[in-house]
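The structures considered in this document are given below.
What follows is a pair of complexes built around subunit A, which joins subunit B in one and subunit C in the other.
Let's look at the complex of A and B:
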């Protein structure tokens, strides 16, 4: 009898107490407090950015540029490997260790083919196509710790990385994307909201055509026959047994590749994706079909 | 026409405002359906209520934006007449935007322009570019091989050339040494002639040296002549012998 009253009473009390919410919890002990950027008399004069110049305006010059001086890296008369350095393609690296970490923390879905879009979507890869970034360079750090069967598409990979992925029963492809396609892959939502048809991927420039057509680099333009030969050759070189793809339960996933003209998995050039209506519009005009198939 | 509306959704805002301050869970209402009449009068009243409920003070366009609707139904500026803007409206608001989706694809003219651009930007096919790259690689390989052969032939001759050079240097050094010794000998002789050490810059010394040199040259010449004569005699003798043998 008494205990029931107590429960009733305590329940009433509990109901009248405020609920736990973001507004009434304390920060974790030792959590970081950022200094406030004030606008007042003293706390808000330069905001720690210094007085005048690049520092204050936060418009830093490009690396090595000395405001019109003969730059140091050009002062020596013959350094041919610096020629055109500011026009060259860059491939920001991501290591196998990081990829493994992304997989382990469920930021990448390995039941689907992985490409640059899914890695950018993980939020842990900084990628700026407007700064001449042309995609992912998969590096071999953590090569011994890597243990996942994946179908991955990157833009640059070393032999060791290829061996590490194939040893675990995975598949790797190196593929070229022109900058416009990279913008699309970086932020597909933004592109779909412009209501344009998906464009075609352009062909690689002449200086990398060898890379993307060679079977030992697993180029996307290489002959699949030769690629399977190279897979075997690499397994013999590094001394591991090549897992059989044909008997794999994810055989279909591992065999999935993009067309050389295709940008997104499952979406063909010429299609319009509408996110609001959740529909895909496909062209039926002969001329359009011909254009997007060329 | 009559519409079925769930009472819960109509009164939900009212109920929530009543229950906002209390912490107890509002009792769950029954989801029974009621019939609401849909006359013009009623609609006008609803519109009035809706207008009065909108206390946001937002402009019509902003209010639309906030409620995920197209901001303007009527074009307000020139930009609203462009294809790009209309595509954007379709991409963002879908069919509800009222834009014809056929706008999303490029027109015939745009396709032509794109094709023209691509013909200039990518003049070669992948096969052609591949062949050109292979050709370039082959040429480079050939150049390297030729240079290798050139270097190899030169390295093969290197020992011989080194020997020749060393011989030449040694010969020159020997000549210089011989000339020096000869000069020293002459100076020594002159000194011995005078019987005491004389300054080599002295006039007498120089005179004597010249004289000695002359004598030396004369002697050498004579020796040469004698050697020549001897050779001649030897030759003649040999000839005589040959003649005698023949006869």
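Let's look at the complex of A and C:
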């Protein structure tokens, strides 16, 4: 059969076959490999988990902990590199290149402000608040290729990244979210289904409050007038014309910010979102209103 | 439902559809105790594009108008395989020094004098940079170099004050006095070691 006949036959088949859906597709054979639970003399019995203790009970202690005695990594005081490692905050990175790819493949809506919830919703960024992850670190890979005007809110960004976003007429803000708020942002639907009231977002801890109040880092607690001055300074440092935000048609969207106590755009602390009945319940008690506005 | 005022009903409906009109948002927006309005009561809380106001005391303010410079990007040199071949990270920045009206006249003349050997035939000053892997950082580096050049040309040697000159003169005189005193002492010591010259009275 010639190739033309093959294509014609395929098209005829396609017209009569049912629509492609989850019910009539499957993975390529051999593409998914699930780990099998070992059986037999070597992998059976305790299945590589040892005897008793946190190891067998899959409730592991933190890295380096030696059940109370002075751990190895702390025994040398002249090499204090890992002291307090379990207290340090981590910001899993995502590059500007990744963000550009998400925008180009329509996985992120740039007509609305972007925050960590939108990026997680796109499905290509994962973070785990229970593992000391405190948000997004926007890295500078792809800084020369970035060409979109966005209003983005991240938790950590370097000067170069800020310059790249402002060069394209966008706005970047660095904001702090406490771990509880991050759990909520990561999966809002799951939280709304619990029927709890939206809590207030907590203020940053003392060692990082300076970061979020500085205009150079575009902190969410910084004075917007000072931020405007910093925008000019950065445009001179990195050599680009500062785009006029006021005359932009999306000025209101670009300037849209959350209140420091707000977790979700458009939703206030204290509200209860009822997904089933599609309504929002708001507190009316004076004490509650005072608390949630504090 | 009838007990709830119409306004609240409307708000609830708006909350459901998720489309907030900006006007409604501003009047109904949530304001906590640590909102920007409470933190900065005297600020306009608006992002603006301020225009640069030069410092009248300084000759060169540091402001460089980007539209007056010609910037070209090209591929950098050195190892790096496909990436260094394809990505244009080298920055070539040039401008005609004699026509640069954004540099004050005295500084411009001084620059022409200092860098006369470096200018091209048409009078262009060229600055190149390919130190980093990003175009942006290389451009920042070029601008830094340019600012340093201008600042070096702006430096004027200060004339010493009369007090300083007097102090230097006194120091030189003192040094001469000490030198001569040491010479005199040495001469006396040498004379005392020699046999006395007999003077027949």
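Odds and ends about this structure:
Simple rule for what comes next: the second predicted complex is superposed on the first by the 217 of 294 C-alpha atoms of A that agree within 3 Å, B and C clash if a C-alpha of one lies under 4 Å from a C-alpha of the other, contacts with A are read in each partner's own complex, and residues count from 1 in each chain.
Here is the rule we use: contacts are C-beta pairs under 8 Å (C-beta built on N, C-alpha and C of every residue); 3 or more make two chains touch, one makes a residue touch a chain.
Treat the numbers as computed from the prediction; the structure is a model and nothing was measured.
For the composite obtained by overlaying on subunit A, subunit B and subunit C can both be accommodated side by side without a clash. Judged by the touch definition given at the top, the superposed model places A:238 against subunit C, while subunit B stays out of reach. In the superposed pair of complexes, A:164 makes contact with subunit C only, with no contact to subunit B.
Contact with subunit B, but none with subunit C, is seen for A:274 once the two complexes are overlaid on the shared chain.
Within the superposed three-chain model, A:144 lies in touch with subunit C and out of touch with subunit B [touch as defined at top]. More residues of subunit A lie in touch with C than with the remaining chain of the pair subunit B and subunit C.
Look at A:97: by the touch rule set out above, it reaches neither subunit B nor subunit C.
When both complexes are overlaid on chain A, the residue A:202 reaches subunit B alone and has no touch with subunit C. Of the two partner chains placed by the overlay, neither subunit B nor subunit C lies in contact with A:124. In the superposed model, A:221 makes contact with both subunit B and subunit C. The superposed three-chain arrangement places the nearest Cα atoms of subunit B and subunit C 8 Å from each other. For the contact definition in use here, the residues of subunit A common to its subunit B contact set and its subunit C contact set are 203, 221.
Residue ranges on subunit A touching subunit B, taken from their complex, read 15-19, 192-197, 202-203, 206, 209-210, 213, 221, 270, 272, 274-277, 281, 283, 285, 287-288, 291. The touching residues of subunit A, counted against subunit C in their complex, run 140, 143-144, 160, 163-164, 171, 200, 203, 221, 223-225, 227-229, 231-232, 236-246, 252, 254-255, 257, 259-262, 266-269, 278-280, 293-294.
Subunit B contributes residues 23-24, 84, 86-96, 99, 101, 103-106, 108, 111, 114-115, 118, 121-122, 124-126, 129-130, 132-133, 137 to its touches with subunit A in the complex.
Chain contact summary for the complex, subunit C toward subunit A: residues 12, 15-16, 18, 20, 22, 29-36, 39-40, 43-50, 52, 62-64, 66-67, 69, 71, 87, 89, 134-137, 139-140, 142-143.
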